[in-house]
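Consider the two complexes below, in which subunit A is the common component and subunit B and subunit C are the respective partners.
Showing the complex of A and B:
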């Protein structure tokens, strides 16, 4: 017999060095003798070739545990909007990179997730990015590792209570241009039916102010008794929380809760899904329990009063984008659709990815302030992907009901060369146009 | 290296500032105050120096509304000690302010004193040089980078036309910072809140200082010029230039 070479394959080395195995001397299965080496099995072995420091660091965080449950089935990959937009993403890939020793806390993987929750919807192991991502980001922010664009937003919100860095005193300034009266509760604190939580974009952003004006007109025509917090309102804080600033969220929430407590009202009505999520699901954890409705819920519940007021036809082809934080996160798919169906003359059509499977606009979880960062790591913006879909289903109008989305989609309409083909409107603007 | 950063608050320009009835000062109701952004850069540069080569950072400011929060934020960013001067007049001008700071620091202030090169409400940009003069220490202004050496620092000073000069400065010294090497860091709110619970702000009473300073005679908003004329295309531009006799 030839002398055995000193060279060994990796498999041989493992077998002789690291591996022990078991074999039964006598074994017969279904009449076949598989004694000895024929039933040899390796003992379970731990793969130790990779550095799991960062995987451990993540799964040790409260909220980060479920990252370790991933069994690589890959169902989340086609569900992830960031992957669809060329981001090479989804929990499966993040977990695999973590297994390979990737420092998640100093990697793009930490910042691309929009917390849209579409992966959780399909994941058999309940790997929950909505818990994992904020926990990991909070640690990174404490360690001073935060993308510049996001840091600027945190700074603005911490200093001024809004992400635009506008004066908090100017928060109610939009009401000057409103063509109907808006009651500002700090000046006129009598009990009110609806405390309208206006939100940053309706208060400060040009297109948001259009929607705020439309809302004011609709409320007045419906005879809604409403008031706003004016300069005493602050950001709802939810996106800041998800982007990794839980302390800032708490400060904002405590402030808003203290303002809510000053007044008597039946319910809070919010303009946006993020405020809705915050007040409905997060403020109670800080002791602030208030009845809250998204404006589409509030208005659709008044259909008998609303419908007769919608007299002017809106004869356009309209599709609707489900906001992740109204739909998937809070299960509301019907209220916005009910409002759109009530519009006279409307030709409503769904996009392919709708309701529970709705595609994310890219603005959630801090994505609103990470567009530049995301652009470096994706082939397109999520909003661009979505706008193309709206055009593909033949829509002339993309209806939305999240204040983040109007500017995101309007930009995407331009950048995808669809200017003039698709108009982006808040549902409240459509309702307003249908009222004489 | 032990460092002191002089912090000052200035009117925030996000507000629509108005002149009050006296015609000599801003209407207090229109003003909100924030940390002078150049001072924020001075703090950042000091923190970078501390992280790079060790030492301590003390921050000092005059008392006033929300000053505690500003000082706690500086501590949350990594400063070691905060000192608040009670009773000093924040509007007394830089000569008086320099005297107040120097007295509050017992004529010391460590190896390096840093402050913003100017402030939005400055009328002279003289805080750093006056502190330097009172202490008899060298002072460099418009600094964009500081590198520590043995008993000295090397600093970059921005000159006109994008030219940068490099100076070696013996310690102790005073620097007027134009910009830190990196964007001033963010202090996570949870950390600021935690510091608020655990840290203390030392206080010292302001010494009476005299300074010639300035007297404001009148204050007016800048005059608004005529509205810009939007031109529709090159032809119109040619017409306008022609009418003005330019072509």
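Showing the complex of A and C:
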């Protein structure tokens, strides 16, 4: 039973320079003494001005226009993953703060958005944060207002071509531990069926390398003729673009496009939804048009060949997290599910927020490198919110197909005390485990 | 047998459309207007541009007046009022009082197009200080300034830097006794906000509203256009009162979506005044013994499917005499009233022939 709460009846009403507040001399709430300043309640401050300087600055930017279109219907608020995670966010609120003179370009509101696009999905006025946020961030970056964590990532990418700051020469090092041969195209430039764009996390991150190895084994068992760019590959650049570095994105894109042009291949297959989005939707704007598929699309299209290879049962209860940039941004909900449904013995269950309504992991739009920053402004991480949902639907395995997500969700499993209850696996790892 | 004319009372948008329409159907028309000129409120109140298509009110009303007066079947009597009426349609004897004195005329049917008047924001329940502060004006005052091509802060004659509209002034108000939404004020405020932004580009414009009531196409034609193209700021929560600080009026209210009190100085405050039945509407209702509906406009008896028939056969109402209406609805009602009036007269003519 909760302990009794007690309040002294008289409260003092005072005023600081800017604001009046109420404070009870003695107060105990559920056994916790919050007497004096600990129970101070500020009264809402009076609006004395509607300074639209920053709203005008934003809506004058190419891409920023639609921030001014909000008519406060508030449908975006429950759709916003940041607001759901206690971030007091969503376009409706951002717009109101801008109308009230908030300097968006020098404020947390600029950096919390993960560009998950769930607000745009529900917005009747088509307030497009996917355009607004990168436009505003690009200006803030030019003005030197960037959170340190993000700045460090930008520097790493600019210098090394990957956000980890790893040596570009080590990009293909993971292949040494692969138990099947991986053709590195710069060394063996003969025509190839599939140019596999490996991506930063598969190449450098420990858990990503696990997935890269699994992918290699699956490709070999399927007899896929594939090759990689090895040390010549760079970050796809999409997250850098969305985080406010369009110039860096262009450099990376132009580099990758030049590499692609060196080889003859049927299609590019990518490990991650962000690379998929970049190559499918953004590279063509720079003249680089290439057929591209996410690996789940590539593999699910080969089901007649793939399915007979999946012989070892995987008798676990599995749920699937839709990556924002595969699902909402690019409309692919079926391919990953088709792969999971093909797994023998699997018990597949959906989370409440799935497909178009899928909840964001927090890693998109630069969020991958803003965890510390976001933690200051939210009550929980988006990945924690999502992991709790996976546990709630009774899943033992949280299947993912975005290289950002394995590490994000594994951390969240630990921080939400679900260690041992929920395993996070890339779909390719599950497929690999099912092959003899 | 001589055909008695249709008496149309009021030479505004509804009356002019009714006169033109009746004449085109072959009915003689007696068009009575108490003022010296035709055009009604858009002209008398110096409207600049009409809502929503921004056509010049003067040109548009001149076109309507010309269309009506060019019909040989239309007999126009300006500076004339109806002062008495006896009998029932299709033979009502009305007494007209005009510049040449009184005259009795027999008419076959009547269409009352006497319109509305703007709410007077000087009522005691109104805390906006319209008669107290020079810089507190109404939608109508804005029209007058826009028509003159000179939108200024009245107290100084200078271009304003910050203007706000307060919606629902004199409408939706139990204390005042005007329970209705006046339908057009939200759209007109948006239209004027756009014009002010065009006229004084560095002037911020705010609209304080309870809910924006943008019927049908006005939503994107006016509201979205004002917000998206002209950067008019819409803020939910209408202002409670206006005070003066030095030379500036200060609005006090609550910004409801922020949950914060508001106290912001404004150069000009525009009261979005609503519609009330005009004196002419009230007078004609009394004279023709037409019952008023609960909001004091002339009652129609056909429910939703007949917006022009009154409780007296052969007497019809069109436009704002029957309740708040925009121009589209006013002229549409005029058309409906003419159709019903002409139908009424034809039925009687046929029954007389067969008898």
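Criterion: the second predicted complex is superposed on the first by the 387 of 436 C-alpha atoms of A that agree within 3 Å, B and C clash if a C-alpha of one lies under 4 Å from a C-alpha of the other, contacts with A are read in each partner's own complex, and residues count from 1 in each chain.
Everything below uses one rule, namely that a contact is a pair of C-beta atoms (placed from the backbone, for glycine too) under 8 Å apart; a residue touches a chain by one contact, two chains touch by 3 or more.
This structure is a prediction, so every number in the text was calculated from the model and none was measured.
Q: When the two structures are overlaid on chain A, which partner does A:167 contact: first (subunit B), second (subunit C), both, or neither?
A: first
Q: Tell me the contact category for A:148 with respect to subunit B and subunit C: first, second, both or neither.
A: first
Q: Kindly classify A:99 by the partners it touches after superposition: subunit B alone (first), subunit C alone (second), both, or neither?
A: A:99 contacts subunit C only, not subunit B.
Q: Going by the contact rule set out at the top, does A:127 touch subunit B (first), subunit C (second), both, or neither?
A: Neither partner.
Q: In the overlay, answer first, second, both or neither for which of subunit B and subunit C A:52 touches.
A: second
Q: On the A-aligned overlay, A:159 touches which partner chain: subunit B = first, subunit C = second, or both, or neither?
A: Only subunit B is touched by A:159; subunit C is not.
Q: Once the structures are superposed on A, label A:335 by its partner contacts, choosing first (subunit B), second (subunit C), both or neither.
A: In the superposition, A:335 contacts neither subunit B nor subunit C.
Q: Which residues of subunit C touch subunit A once you look at their complex with the stated criterion?
A: Per the touch definition, subunit C meets subunit A at residues 204, 206, 212, 223-224, 227-228, 231, 233-236, 255, 257-264.
Q: Given the complex with subunit B, which residues does subunit A contribute to the contact?
A: Per the stated touch rule, the residues are 138, 141-142, 144, 146, 148, 151, 154-155, 158-160, 165-167, 169, 245-248, 250-251.
Q: In their complex, what parts of subunit A are in touch with subunit C?
A: For subunit A paired with subunit C, touching residues are 44-50, 52, 56, 59, 65-66, 68-69, 71-72, 92, 96, 99-100, 125.
Q: Touching subunit A in the complex: which residues of subunit B?
A: 12, 14-16, 32, 34, 183, 185-186, 188-193
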